[in-house]
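Okay, got some structures for you below.
Here chain A shows up in two complexes: once beside chain B, once beside chain C.
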Partner chain A sequence: MTPRTEIADLIVIGAGPAGANAALAAHNAGLKVVLVDEAAQPGGQVWRAPITAKAKQSPVKDIDRKMGDALRQQLVSANIHILTDTQVWSADRQPEGFEVGTIGEAGTVFLRAPRLIAAPGAYERILPFPGWTIPGVFGLAAATALLKAEKTLPGRRIIVAGQGPLLIAVAAQAVALGLRPVAIVDAASRADWAKSLAGYARQPRQLARGMRWMAQLTRARVPYYRQHEVSSATGADSLAGVTLRSLKSGETRTIDVDTLFVGNGLTPADEVFRLLGADQEPCPISGTQRVVCDELGRCSVPGLYAAGDAAGIRGALPALHQGRIAGLAAAHDAGALSGAALSAALASSSRALTQLQPFADASCRLMRLSGQRVAAAPDDTIICRCEDVRAGDIRKAINQGAVDINQLKHFTRLGMGPCQGRICAVNAAEIIRQETGAAVNSTRLTPRGPIRPLETAQLIGEFGYSDIPIPKPAPL
Partner chain B sequence: MSTETCDLAVIGGGVHGASVALFAARAGLRVTLFDADALCRAASGTNAGTLTMQMTRAALIPYAMEAHKMWTDASRWLGHDVGVVACEGLSLAFTEREEQILSDRATARGAAGAPIRLITPEETLKIEPNANPGIRMASHCAIDGYANAYLTGIAFRRALLEAGVTIREYTPVIGLEPTGQGYDLKLRDGKASARQIVLAGGVWLEPMMEMLGLRLAIKTLVNQLAVTERAAPLMRTVVCIASGLLSLKQFPHGTVVIGGGWQGTGDRDTNSHRATTESMIGNVRLAVHAIPRLRQTRIVRSWTGFESETADALPALGPIPGFEGAWICGAVHSGYTSAPYTAHCLTQAILGGEPDMPLFPIDRLLTAPLRDPQRSTH
Partner chain C sequence: MHRKMAARELSIQVDGKTIGCEPGQSVASALLAQGIYRFRTSPNDHLPRGPFCMMGACQECAILIDGSIRRACQTEVAEGMRVCLKGASA
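Let's turn to the complex of A and B:
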């Protein structure tokens, strides 16, 4: 049995604000679109659909929930062909266009189209510290996902730590659930936040929500440690304590808690772009890398477009407009939309993007994780959790001659585990950069598929021996 | 950059070049090893690591048998760990035609000295209880095993430094000029010179030979592999199939590497290659057919690398005709397995001695020269 293939004019990966709006724009312009997302429902991270009864019943006053419900309704009304619960695991260039391998309930299905918009969003970064892999330590972004889908958070005595707006969002929602954090640990100073205010003021609704959250935290008298970071966590099978350190004085204090939520910004999910060989550039705002694209989302690979956080972290509203723009550009490039119609349709989104940029920049600046902080990890800090490679192992390998990250992988197995280096590679790269002054290019792992670990059974399906196309035997 | 002349410049730091450099330095030569990238990051660091007789060409069996001894004894001569495990090997036949291939090949390889015998399905399942009970026959080889190929670079680097070899990574050699006393090597920023040179460029032997004005066709195979996440023990032998299109083994840390020469796509000139989904599905299906319990694992990664092959699929190993003191080492089928021994034989010749086993001189492979070879005069 050979896997099924679906043919379309346009494949869109990711049904978050970016991908869903890209699909809608291209579909409305007349393209045959297939939209894929591994989640059960469209919405992406920020507009994630509620799953549990508790989450569904909670009052719909949250703007993210409203936006998400509206988007889901739009996709249904437009009758967009969408494959949910379906993971993209490969992306290939072929003479006729792109082939995207997916896996879902129907097993392996290949999608083919001359055009591809990739909008897979972002991953959260965590500044590694000794103990960050102890059960009971969760990402801030993971916490927001839980809050949206299930309206719940684990833990009884919690600390919320890291940097950027998610810190406040998670802490305030924890308070609202009756789970008052023992501490908020924020890498930023009051002045850092003040600098961001001008940007935030451009989005009055978001700013108002942020202020409400801050007021809730003040009312609940949650101890707020500014310019602090988590320097270590202890516990064997579960978290027992967290040590905070002042970034100014270096002073530390230890607090007993059973749960820590910690996150240090986002980095684009770039596997699809890298597998397809699209050019990358350093992102001045987030400090990591992003795919190179023009103002319409076109990448260096013809027919490939990027939108949303995957094209550089900007947040949900810019993602919506970037998605719409990429969808229109794909429709135009496919001949479904004239140049004049494209310019007319673009105007509102282009204006909106310009207007939203200061807000995006403000958030990004707060979320930016400095390379020096990463590179300062003590030797016993785990960097690659899949293969248990520690900062000291990396420094030793560098001393023994591993000057680029692929060599480091051979020396230490870093990045060889199931997560494919998604979490550790950026951090290991900072250590290499610090120790050797290496150029950015030599700090990327060679992209390798599959994008996510694949269930072998799903990949191969049912087959008979004669279904395997066995090539000519090797010479004797 | 100093242009001090070394005794031997080895160009290409894969397992062939690194081995020659090591043996020559141990014998007292002043050796510099050049690689365009880092040591053993091409085929030699990304291959499946199978040290098997059952995929080795019959003509190479005597070399592979000697090399197998060396690999299992790497701590003695290399001094550093490449994760070698010696175990038994099985090659399976699922169809009548494969039975035929298997017995022909077992006979030929047996005649060449490999301890291979044909066994029944019952015997096979005793040795490898998770093998597909539907097999018709297997060939069993007592001498088999595998190395952890990604450790090759770090192990050789340590050994080479201890032996006093000058390692120059990220330093491609871009031109070669015979001088009469040896060779000038053109580098991107400067030059180097050596009394003798060894070309050990894997698939890039063809452009390297062009630097001497010689035309040696090297076919580029894009071999593809996949690896599972760590799994509970599933198998204890190296498992192949009659046609040679499967190689399977489980490493001590639990991952299973799936290979067998399925082809990805790639281009030698841009050094770009990637796995194809068709090959991945075909290869993994074959693996699951051989060891059905692999169906319960997850595939975490697939990758590709370039393997080189000459017109007759036998090695390019010996002096370069018309160029005094210039040698070639590579294009060995299943070359990782035989490398330490073929490199040992070539080094003996470089040092002016008689190799323990015959070389594979390339006169048979050279077509018309690109320009008049400049013969060095001694």
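Let's turn to the complex of A and C:
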């Protein structure tokens, strides 16, 4: 069966704040847009839609829920062509434009357009420690996904650990569910938070929500370990205990828990940009890499635009404006919007971005994970979860001459499992960098499609013998 | 949380055992609500694994669902769905 093809003026990958607003802006300017997201509903990570009855019934006080509902309504009203439950697994640039391979309910569909806006968001970073692969250890962002979609969290005795604003958000929402954390473990000090307050003060609604969360935690008397990190976890088939370590004194203590939520910031989702060969640069905020783009989101590959966290971590509200800007830029570059109309339309979003920057900086500072902390992983710490490659294996490979991450992959199989390096590559890169002083460029895996695991049957779809092309016999 | 949910309107089969779940729940969350944390073992060192990122990135929740390997955190429960934790250790 030949896969279906759809032709548009613009393809947008990701229906989070960035992608959805990019699609809306370009659509309103007259472009034929197709928007793709692997989630069941638009909204992205931060504005994820409630799915279960319990989540839908909960009062709509939360600003993320309100913003998400408003965005979903806008997409419906504008009649945006959106493919949900659809994964993007390939992206290719041909002379006529981009070809994006997708797979969803309808099977394989190839999208073609002269322009492509990629807004796939971010992945969570987690500082590996011995025992982080034990069932019952979850990401902090994982908890937010469950809270938003299903208004639930697993576990009876939980610890919430890591760094950044999500820590407080998850702990407070757990308390609200009646699941009081046994401890909050925060890498930041009181002074680190105080420094961020200045940035947060510019966004009074967000600040008020943060203060409310802090008050809830104080009222619930949740033990708060500042300048601490999780140093190890134990358990066989599921989690039994977590050991905390003071970042100041090195002192440790062990707590019995069945569930741990831990997260150390975000890193841009960059598979699409790497597949298309767009230039990357070090991201000063996440400490990893981000795609190079100008202030309108244009990347080094003509016709390719980046927006939102995928273009460097800045958070939901900046993502909304970056998306809108990229959508307008694409419309302009396609000839649908004059230069004057573009400048006029851009003004409000550019201003908003400037205003939001201190807020974004404040969150990002708290989320920044230092390379030394990653590279300090003991030898027995698993770094690549898929292939069980440990920090010691990586150090051994470096001693045997592996100088960049692609060589490391050949030496150890790191990054060759089904997650394709999404979880391990940034951490392995940090170990290489700290051990060898390698440049950032040599610490990214060469991209390979498909960027999502696929079953051959899914890709081929249903077919009969009559679908098999019979080649013309060669002349004798 | 392991507390009883108000309405269990759907049921799925996990290794032949029936478990109740809510419409809209992901397979991962339905199993976690039953206290099932271990989903599979890693192929090299055979270490127990369960869902981790809940956003479709890590593939740790990939198990046999209705005969094909799917990410349990990205798959919504459906009446009569068959989930197999045994043998999905690849």
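A few remarks follow.
Note that the second predicted complex is superposed on the first by the 462 of 476 C-alpha atoms of A that agree within 3 Å, B and C clash if a C-alpha of one lies under 4 Å from a C-alpha of the other, contacts with A are read in each partner's own complex, and residues count from 1 in each chain.
One rule holds for everything that comes next: a residue touches a chain if its C-beta (ideal position, glycine included) is under 8 Å from a C-beta of that chain, and two chains touch if they have at least 3 such contacts.
Here the structure is a predicted model, which is why all the values come from computation and not from measurement.
Touch criterion met: A:F110 reaches chain B, while chain C stays clear of it.
Legend: residue contacts after superposition of the two complexes on their common chain; A:G101 is shown touching chain B, with no touch to chain C.
Of the two partner chains placed by superposition, only chain B is touched by A:P475; chain C is not.
Looking at the shared chain after the overlay, A:S90 reaches chain B, while chain C stays out of its contact range. Looking at the shared chain after the overlay, A:M416 reaches chain B, while chain C stays out of its contact range. Of the two partner chains placed by superposition, chain B and chain C are both touched by A:P453. By the document's definition of touching, of the two partners only chain B reaches A:P3; chain C does not. Once the two complexes are laid over each other on the shared chain, residue contacts for A:D404 go to chain B alone; chain C is not touched.
Within the superposed three-chain model, A:A347 lies out of touch with both chain B and chain C [touch as defined at top].
Common to the chain B and chain C contact sets on chain A are residues 417-418, 453, 455, 457. Across the interface of their complex, chain A is touched by residues 1-2, 5-7, 22-26, 29, 32-33, 37-39, 42, 44-45, 47-60, 62, 68-69, 74, 76 of chain C. Residues of chain A that touch chain B in their complex: 3, 90, 92, 99, 101, 108, 110, 275, 277, 397, 400-404, 406-407, 409-411, 413, 416-418, 420, 446, 448-450, 453-457, 459-460, 463, 465, 467-471, 473-476.
Across the interface of their complex, chain A is touched by residues 38, 40-41, 45, 55, 57-58, 94-95, 101, 104-105, 108, 150-151, 153-154, 157-158, 169, 228-229, 242-245, 261-263, 272, 274-278, 280-282, 284-286, 288-289, 294-303, 313, 333 of chain B. Chain A meets chain C in the complex at residues 38, 40, 45, 51-55, 123-124, 133-139, 141-143, 145-146, 149-150, 152-156, 177-179, 236-239, 385-388, 417-419, 422-423, 453, 455, 457-458.
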